[in-house]
Every structure is written in C-alpha cells, then in structure tokens.
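So that we are looking at the same thing, I have put the structure below in structure tokens.
For clarity, chains are labelled A, B, C and D in written order, and residue numbers in each chain start from 1.
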Amino acid sequence: MPPTNRSRRIFLAPAPRAVSDIFDESDLIRLRAVGDLVVHEGGPITDQLFEATAADAEIIIGQFDLPESRLRQATSLRAVFNVEGNFLPNVDYSYCFRAGIRVLNISPVFAEPVAEAALGMAIDLARGIKRSDRHFRQGTEEYGLAANREAFSLFHQDVGLIGLGDLGKAILPLLRPFGCRIRAYDPWLPDEYVRALGCEAAPLDEVLRRSRLVFVVAGVTAENQGFLGAQQFASMQRGSAIVLVSRAAVVDFDAMLDFADKGHIRFATDVFPEEPLSSVHRARRTNNSVLCAHQAGALQSAIKQIGKMVAADAELIMRGLPPVLCKPAQPETVGMLRSKPVSKT
Amino acid sequence: MPPTNRSRRIFLAPAPRAVSDIFDESDLIRLRAVGDLVVHEGGPITDQLFEATAADAEIIIGQFDLPESRLRQATSLRAVFNVEGNFLPNVDYSYCFRAGIRVLNISPVFAEPVAEAALGMAIDLARGIKRSDRHFRQGTEEYGLAANREAFSLFHQDVGLIGLGDLGKAILPLLRPFGCRIRAYDPWLPDEYVRALGCEAAPLDEVLRRSRLVFVVAGVTAENQGFLGAQQFASMQRGSAIVLVSRAAVVDFDAMLDFADKGHIRFATDVFPEEPLSSVHRARRTNNSVLCAHQAGALQSAIKQIGKMVAADAELIMRGLPPVLCKPAQPETVGMLRSKPVSKT
Amino acid sequence: MPPTNRSRRIFLAPAPRAVSDIFDESDLIRLRAVGDLVVHEGGPITDQLFEATAADAEIIIGQFDLPESRLRQATSLRAVFNVEGNFLPNVDYSYCFRAGIRVLNISPVFAEPVAEAALGMAIDLARGIKRSDRHFRQGTEEYGLAANREAFSLFHQDVGLIGLGDLGKAILPLLRPFGCRIRAYDPWLPDEYVRALGCEAAPLDEVLRRSRLVFVVAGVTAENQGFLGAQQFASMQRGSAIVLVSRAAVVDFDAMLDFADKGHIRFATDVFPEEPLSSVHRARRTNNSVLCAHQAGALQSAIKQIGKMVAADAELIMRGLPPVLCKPAQPETVGMLRSKPVSKT
Amino acid sequence: MPPTNRSRRIFLAPAPRAVSDIFDESDLIRLRAVGDLVVHEGGPITDQLFEATAADAEIIIGQFDLPESRLRQATSLRAVFNVEGNFLPNVDYSYCFRAGIRVLNISPVFAEPVAEAALGMAIDLARGIKRSDRHFRQGTEEYGLAANREAFSLFHQDVGLIGLGDLGKAILPLLRPFGCRIRAYDPWLPDEYVRALGCEAAPLDEVLRRSRLVFVVAGVTAENQGFLGAQQFASMQRGSAIVLVSRAAVVDFDAMLDFADKGHIRFATDVFPEEPLSSVHRARRTNNSVLCAHQAGALQSAIKQIGKMVAADAELIMRGLPPVLCKPAQPETVGMLRSKPVSKT
C-alpha cells in the first residue's frame, strides 16, 4: 500500500553516526516498506528543517534535540530511537511519556561484545596472560607453577557483579560454565530478581570483601559517581581483580591506580576519565593493570546490528505493536542517568 | 581394621613432585585408612628399595621405572598412578594390561584450568586485549571502532577444534554460551561421538579453512608430529587465530611464527619447542602473538586436586571397584603417545 | 520514617483472592514498611469506600473497577497491581498510560509451573505414559517395543511453539537439553527476537506442518480466537501431538477433538471452552488425549510467590524506581487481550 | 583393500535381536568396509558353527556363549559386542580381560530415552497429570487449586538419585533447568565424582529422608537386591514420589505397593518383578501409582542407534584404536551385575 506508507513518515538523522555505518541496504528496504523514509545526513537539524521534514514523522531515528516545542508539533510521533546507545538529555522525556511516545535506544547490541571482552579481561587478570607475554618479550619469563604464583582460576571462584543491568546479565551466561558463586549488588533491583538470575543479592561491601574478581558494570547516575573509591578498594582482598567496562565515572580512578600500583588489587579497564587519555597520564605506567581503549562494545559486527534492531522495532511500532528489541526509556530512571555521549561507540 | 590395612600396602614415591605439593594431610589420612602407606621421597628407587618396600604394594603412586622384572615381583599390584600427568614409557604397559593392573594418570586435573586459559587467550587474540594494552604503554592507542579494525567476536563464530580429548571436551562448555559453530577434527573419534558433543565432525583441511579461531588441543603421538605446518597455516583465512595449549611438537613452530609475522594469522601459545625458550629465540619478537609460559595447567588449585583424585580412586580400588576420576591408560593408544615429561607441570 | 509512610497509602483489596492466600506475614510487613497499608476484604469497592480509603493511595493492589472517574480522584496513584494474572477491562488503561500510572499483573508467577506441566504433558503424549497406565489397569498392556509402536522421543525432535510470550519463553529452557529443532510462530515478535531465543521464526503453517510436537501457548486476542481449526489440524503430520496450556479460545475445540478421535493427532489440554466442563461433554470420552483441569499454573507454591513479587515491586515503586518483577501492561496491546478471568487460578 | 578385509572377520549373530532391527544397510556397509562380515541368524551357535565361522573373527557381535573353550580358539579376537544392553554371564570375562579382548554393550543408546521417560513420569506424579485425566473420564475432576491439593513442582525441589551410572547421569541435564537440589547416593562412586556432576553426595537414608522426588536408577548387583524396602519407604516424607526405571529387583515391590496404597508415597515404575505381569497382580489396582510397560528405553529410534554405535566402535577397533561409544565391561564390576536379560528391550 504505497499511498498509505507514503503518508506515514520515518525520519532518519543518525549523526554522529553515518547511515551506512548502521543500516545496510536490506535494513533501509525494511524501513521503506513500512513508511516514507526521509534521511538527513547533511548537518544540524534546524527548527525549519524539523518542521519541514520531521514534524509529521511517526518514527524519528536520531539523537538531535527534541524539546517540548518540537514534540508539540510532532503530533503523529510514536517513537524516537537513539542510535548511539545512551539516553541523553536531548529529549523531553516527560512530554514523551505523557504523550505515549516510546523513547528507545540500541544499547542491547553492545551487551554481548562487552560481556565477551569483560570475560577476556577477567581471565587475563586471573591467569596473567598479558603479564606473561610481556615477560617473554623482556626475556624474564618463568614457567609453570613459577609463572602462576599470583594466578587464580575463575572455576568455582567468588565473583562479584556491581550492577545487574543488561551488561551484568550478559556476563552471567558466560560465567555459568565456571561454576562461580556470584554475589551481585544493584540498588535498583530486589533480591528476588537477583536470585532468579542465579546470583546472591548482597550489599556493596560484602561483594567487595568476598569476591576475588569483581565486574563493575554499573551505569553512571546522578548518585553513584565515584562510589568505588579508596575505602572500597582497601576493603577488597589482596590480589583480587576488578574489571571495569561500564563508565569510568563510577570509580575514583586515581584511587584505583594507587591500589593497583601498590599491588593490593589488579584491574582491567575499558574506560577512562578522559578519552583520549592524556599522553602523560599515570595510568599508562600503572602496574597490575590491563588497559583497553573503549573497544569492548564498538565491534563492527555489533554496529551492524543497530540497523536491524531499529528496523525490526520500527516494523512493530508501525503495526501498532510494542517494540521488543531496543531498550525503552523508563520514566522513573531516565532522568537519573548521566552517561556522557561517547562519540560513535 | 588396622591389621588388615597394615597388610595392604600403598607405596607413594611421587618424585619429581613433592608429597606435600600434591597431598594435604586429609588426603594422606584417606590413604592410610585403606592401606599401609609407605612414603619415599629421598632419592631414586633402586631395585633393592623396590623389593623391600614396593614389591608387595597393591597401589603404587609415582612415575619411577616399572619394567617387567619389577612388575613380576609385584604380585599384589592392582594400580599404578602417574601423578605427573602423562603416560611415559617408564611402565611395561602390556604386562600391566595382561595382569589386570590399572595404570592411571592425573591429567584430568589440568583440563579445566587449561580450557580456561585457552578461552582467555582466544578472547585476547580475537579482541586485541594485550595489543591494546601495549599501545597504551607506548602512547599509540586508538579508541572504539578504530581499535577494533582487526577484532572479531567469538559470538556465533566459526570455531575449530583440533583434538577432542579431555582438553577439547573441557573447552566445549566454555564456548557454549557464545553460540559458535564448532567443527572438530580428531582421527581417533567417530563422527557420532563428535556430534553427540555438539560439534560437527570435519576433516582437518575443512577445520582450518572454515574456522576463524582454531584451538589446537591434540596430544603428540608417534604419527602427528609437526602435522600443522606451512601448508596448513596458508590454508587458513587471513586474520584467523590459533590457540595452542597441548604440545608444541604438533606444529611446525617456525612456520607458525612466519605466518604470524607476515600477518596472515595470529596465535597464542602456552607451549614451546624448548622450555625454557632460548633467550634469543625469534618467538620473543614475533608479532600477532600472545606468549604464555606453560602456565595454562599448572595452577596451585589444580595441583592440589591431584592428591584428592588419587585418594578417591585408591579408595575405590582397595574396595575392589573401578577407579573413576583418574585417566586410565588404554592398551590401544598408550604406546602411541609421545609427550615429553614436563617437569612438575 | 513512620510519619512519612503513614501518609503514603497502599490499598490492598485482592478479591476474589484472599489476602492470606497470596501474602504471608513477611510480605505484609514489607508493604507496611513502605506505606500505610489499608486492607479491604469485606465486600465490593463502592464509590464511597473508594473515596474514603483508596483515592489517595500511591499503590492499589486488586482488580476492582478503576474507571476514569475513580482514577481522576487518585492523584497520588503510581501503580495498580492485578493479582489474578490477566489484564481485564476493569481499568481505564489509556488514562493510566497518560498519567504515568503503572498497571501490572502477577502472571509471571505462573510461567514456570505451566511450562513444567506442559513438558510433562508433552512427554506423556510422546511416550504414552498415561495410555500405558490405563492398559495396565485394564490388563491389556504390551511391553517394550510393542508398547512403543506410536511413541516418539523429544530428543532432537521437531518442535513447534505457537506463541513466544512469557509462557513460551519459560518452556524453552526445559526443552534445551533435548536438543530439539524449535520453530516458533508469534505474529507480535520479529524474527531477530525469535532467533535470539534459539528458535527458528516460521509462519504458522510451517510450524504445524513440520513439528511432531506443538505447544500452543498463545494468549487470546481480539483477532486470534479459534485460529487453530480443522484446516490447521489437517495440515499436521499424522501422529503429531499438541499441548494446549494457554486458553481454549485459540482453538476450535470440537475440531481438535475430531482430529484426535480419528487418530490423526493426539493432544493434551489444561483448558476448556467452559470450566467446569459439562458432565456430558464429548471431550471426556475422546481418545488420544490427556485432560488436565486448569491446574498447570495454580500451584500453591506459585500462588505464594504473588505476595512476594508484589511487595518487591511495591518497594521499588515507593522508592521512585521502575518495577521489575510483575508484568507491565503495554499501551499497544493491553486493549487487544481477551482472557476471561478464571477465578483464582 | 578387499583382500585385507577379507581376511579380517566380523561375526554378527545378534539373536534374540534381528539384524534388520538394529543395523540398517548403511551400518552393514560400514562393517563390510572394515572386515569380512559373516551374518548368522538361523539358530543357535553350535561349537561346530563357532569353529567354522566365528573362531577366527576379530570382532564378535552377539550374546551367545563364549566360554573359555571357545575364546581359546578365537586367537584373533579383539572385541565382543553385546547388543542387548546388559553384561550377562555368557562370556568368560576374566579370560577376555587377560587376553586384551574388549567386551562391550550398547546400553548407552537407552540412557536418553529412559531419562526422558523418567522425567515424564516424575512430572506426572508431581503434578497429577494422569490422575486428573482419570477424573475427567469419571466426571469427578476438580479445577485449579483444588486439583493441585497434593501437587508439587520440580522447580527448586529436593530431588534424590539412587544410582549415578549412565542412566542417572542422563537424567541430570534434564533436571538442570528446574534448579533442583540433587542428592545422589551411589556406593561405587566417590564424593568428588558426585559433586563434579553438580550433585551432593549423600548416604541412602539422607537421600530418602530429604527428597520429595527420588529416581531409582541403580542397576541390580549381587548385593543390592531389594535394598529399598518397607523401612526405606517409611523413612520418606509423606507425599513424596519414587520413579523406578532401572530394575524391579532393587526394590521390595510389595512394600512399595503397600506404601503407595496407604498414601504415604506415590510411585511410577517402568519395571516389574515379573514381565508380563500376572493379570491378577495387585499392582494393577494400586492407587497413587503410574505403571509403564518396560517401554522407557525400547524406542524404535534408540534401537536404530545400536547398529550405528557398533559400526563406529568396530571401525575404531579394526584401526587399532579404543572404542568410545559402547560401554566397556569393567573387570572389577562385571561379575557383580545381576540384570536379567529382558528380551529385546
């Protein structure tokens, strides 16, 4: 029914991502099959442009500004897709909730790749893979048991999860074959929920004290910035390991470096307080650490899922059904999130 | 019944391992509960010593020489436990098979730690963890997608297993959550067996050609030394990865270094043609490689399992039951194995 | 802060369920800890009663009428919990969505017990358990292979799921160890979603034609009543099996009986077009069928979860966080659902 | 190399099974590819026939008598396959062990179908499926909670396994998604082994006392006949359930009927003290029981696996490799087994 579709607009302006990075031809065909697709890549969305091309859209894909003034014009709007991966303050969320407009993001595409990288970083810390490689390059390696003096295994280990959102939940199946005892701390989740996932719900201090390996996978909120600091690192067992793959702002980064340098903990991180990191930042010289360059999620294969996920949910929305793949903003929490946009990751 | 036990001897001479490395007090108590335990740690087992203390044993624990001449004297002998982890030519196996003497080794304790390390090495190669860390140390890191130009994910990946013995089988559960398509080559196993483990049985060339990631977990036999050489590496896809954790002798090591240096493949290895590796060996300077110092199995926590495994099987044997934890020598294959003893790993 | 809680009301009127059936003392203590709990069990909620005790509640637990007139008075209302298990037309849902009031039900407590019963019914049909028992009672049993002439195994079987909501998803983990090939049909879900659950997305006719065993777990909507009829049963393979555990209205029940009586299919059902079933209903005499009395979900142990689930989500809501255990009504679909209330199950 | 194969004989005389029941054409082709296949189906194996056709075989498939006198003639013999499923006293096992002749049976083909049936029987007992069906036929059904007064769920249940051989191990993966706490009793297995399978090792009385559901999967030995009797049933919790799928001789059958009739336990059994069961046996009238006619293993699809399993292991044996699919007789235990041959199951 082309006449019908022609009158049902989908507005796609995914900057700073390029359309071709996230949508392949088959994805665009799916969008065109359910709507009149208008693509904008040329520059900012001015009010004039918005009125002319986006105001009558049923679906908007992009992270440009949508204040109340624009949303009031968008009387057909059913859904807004953020294709970066965070809920940013670019949208008047309360207007959307009142008006029944779904606000969605594509962060679920990153959960599996980040979980995989987190597991790799964890095994590296536990088993000393990178360290052994460095010793070989320097000619200082020791073999067998001697190489393993500080090593530990994940099998049957006490593991902690700080945060049990999409990312924490994606780590769980990867840990399952190791038979770990997993304690999880997430102040937004009831114990029943945590236990149903096969974890023990525990307060933060117990997670830190009891775990040999801690995955920090909590998002940043208005309330939790720097909540892992010197006191928390001090409470951890000597020789325990931290894997940080959510946002650097949840830890006191300097304190983490201090505790690694003096050998109390070891850590692996994919995120930093500033990216790119200053060329003279002390983190570059820290011992007992594995440094990754915000690469845990940004895999080509994950980015390619974005268009498919958006197309599938857009199809549902245009049929009057609820989206099921993208992450919907929750009225209670969307205002608490504080992730900085990280360009294109 | 102390009188009974006193007359049923267990002879323990685990050199080159120390008794205290592999048996804790509770393990020794279990042995003493089922037999008259004689421990020898002071030096070689001379014929005189053998006659005096081991010849009437029902169970011998150790890897000293047991030629026919000694076995003939050992008329009560039911089982010999090798506590290093390989079946070596120190025992007259055919005599043992004819006489109904079980020959066992404790290699199963190493399967899980080696599988864990292999997975960590695989994720490192796939996701570029060590490489990224090195770039940070040198100040040359790139972020996000740029860091991932050559990265791939294990999720839904084509993975190959060369060898599907205890070690290969220990890797399978760790891969399961990644939803890989796994092709396995093992000339000692029928397709039915391979499929029952959730793999596709495939010839070697297909495993090499189709897999993005290959685990080499085949033991060395009289027939397969160096069977992975230049031709095999050339047949692999550019950018694919090899994880070698069994024995270096199954690959042409120089050819593997060549193909890594020119960027055709990347590899991680835990084993080397000579250990310790010569301080000037070119492997130390190879690109696209992760080098580990025969540390995949030799974890303290694994070593500590040896005594428990031996004690449990010794209890069964003394009760007239078959052992179930240690690996029994098979008459058909024990003569084909060619693993060098690797001291204490 | 008792003064605070005293001013934040929770109104609990769970008829036709009794408070004590679904809340034990510890659940009520949790509710009282976050609000001023008012319980009403004595009779209908008149407007006068509503105004006096429920109108200022932040949380209402129960399935009494909440038309716009009442909701307008409930200016503090944040959430309504239906503790029966369906979304019924007792609530003005659009008012709630506009006003940011969560409407929730406790149907997730039934997913596991229903999935368990469904698996039991499936194995019974496949393996002829009930039939064999009946033969023993009549003295007409045959043994071994002869007893299994029409039997089949679930292992590696072609299985179909019609509906992939909470119930279908609860069946999947129970089927996983059987290594089935699972085709799923759910018109509300995109293929990407179905595949991510380990199923093949397939059209209804393919699911019916290819599956030896079909689980019907679709809810009733305005559009799908009786969508499984004579034509659909005829398209199934002779000897295939149907397990019906959602709602009888999705099938043409008489046609299902016809096809079972003539031996084309066999079926097990937990639901009937009328309950209790007429004492002379032909279903009571149907061959090739297993009849269960709407007992798949209504286990004491599941009912006891209701209070815990409500208390946990109520705690979150009173803290300003989103509920995570109960099922939230979706604006797009809540108006399409047509489940009849089934008293107390 | 036909000349070679021609001189390497495989003798196939599978009575009481028919060749065509267990070998399809592709299986026979595999056997012929590795040996000179001689098939005998016409009657008993006389000494004369043995000498003429079987004495020079490398592989014998069948369960006819192989006393020392015959084995002495069979100087090329490497393996004997019992294709019924039990180790019977038809073979001089000690001769075989001394001579390095593998004795194997095909019982592993039955493990999965029996485990499936056992799970179905367990859910039936727990959830009252058959009972509810019977009530419907009699017009006495009750609905919902009323139907479930004595029902329980397997989810998170205390479950016991008596015996943890192939059959017990095949049940474990089917139970895993239910999150049960599983206690296992097997006097032939050390605690380490039981725990590695995810169970708790427990003495028999604890398994009986603590479990709501008990799977009896122990084989019959010289020592354990009738070891589950009145005292054991009395120690079980009222309302608990027994699933018996190994051999009837391990229980005192009359005691089990007594305890079911008085409502203390419920049970499901696939095996009986005599088969066929006397037409007036009281078991036919027992309450609280589900009776199956030795049909748990004897599925057509399982029987068809026998030939494939034998062909695959025969190929290995002819190549000088150890068999890996069939179950090898163990010198320590083969003499203790007391299973009666059950014709063709």
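What we mean here is this: a contact is a pair of C-beta atoms (placed from the backbone, for glycine too) under 8 Å apart; a residue touches a chain by one contact, two chains touch by 3 or more.
As the structure is a prediction and not an experimental result, all values here were calculated from the model.
Asker: So which chains count as neighbours of both subunit A and subunit C?
Answerer: Output, common partners of subunit A and subunit C: nil, no chain qualifies.
Asker: Between subunit C and subunit D, tell me the centre distance in angstrom, where each centre is the average of that chain's C-alpha atoms.
Answerer: 38
Asker: How many angstrom between the C-alpha centroids of subunit C and subunit B?
Answerer: Here the centre of subunit C sits 50 Å away from the centre of subunit B.
Asker: Pull out all the chain pairs that touch, please.
Answerer: Contacting pairs: A-B, A-C, B-D, C-D.
Asker: Which residues of subunit B touch subunit D in their complex?
Answerer: It is residues 97-98, 100, 188-193, 308-309, 312-313, 315-316, 320-322, 324-325, 330-333 of subunit B that touch subunit D.
Asker: Hey, which residues of subunit B end up touching subunit A in the complex?
Answerer: 112-113, 116-117, 119-121, 123-124, 126-130, 132-133, 135-137, 139, 141-145, 147-148, 151-155, 173-174, 176-178, 268, 275-277, 279, 283-285, 290-296, 298-303, 342-345
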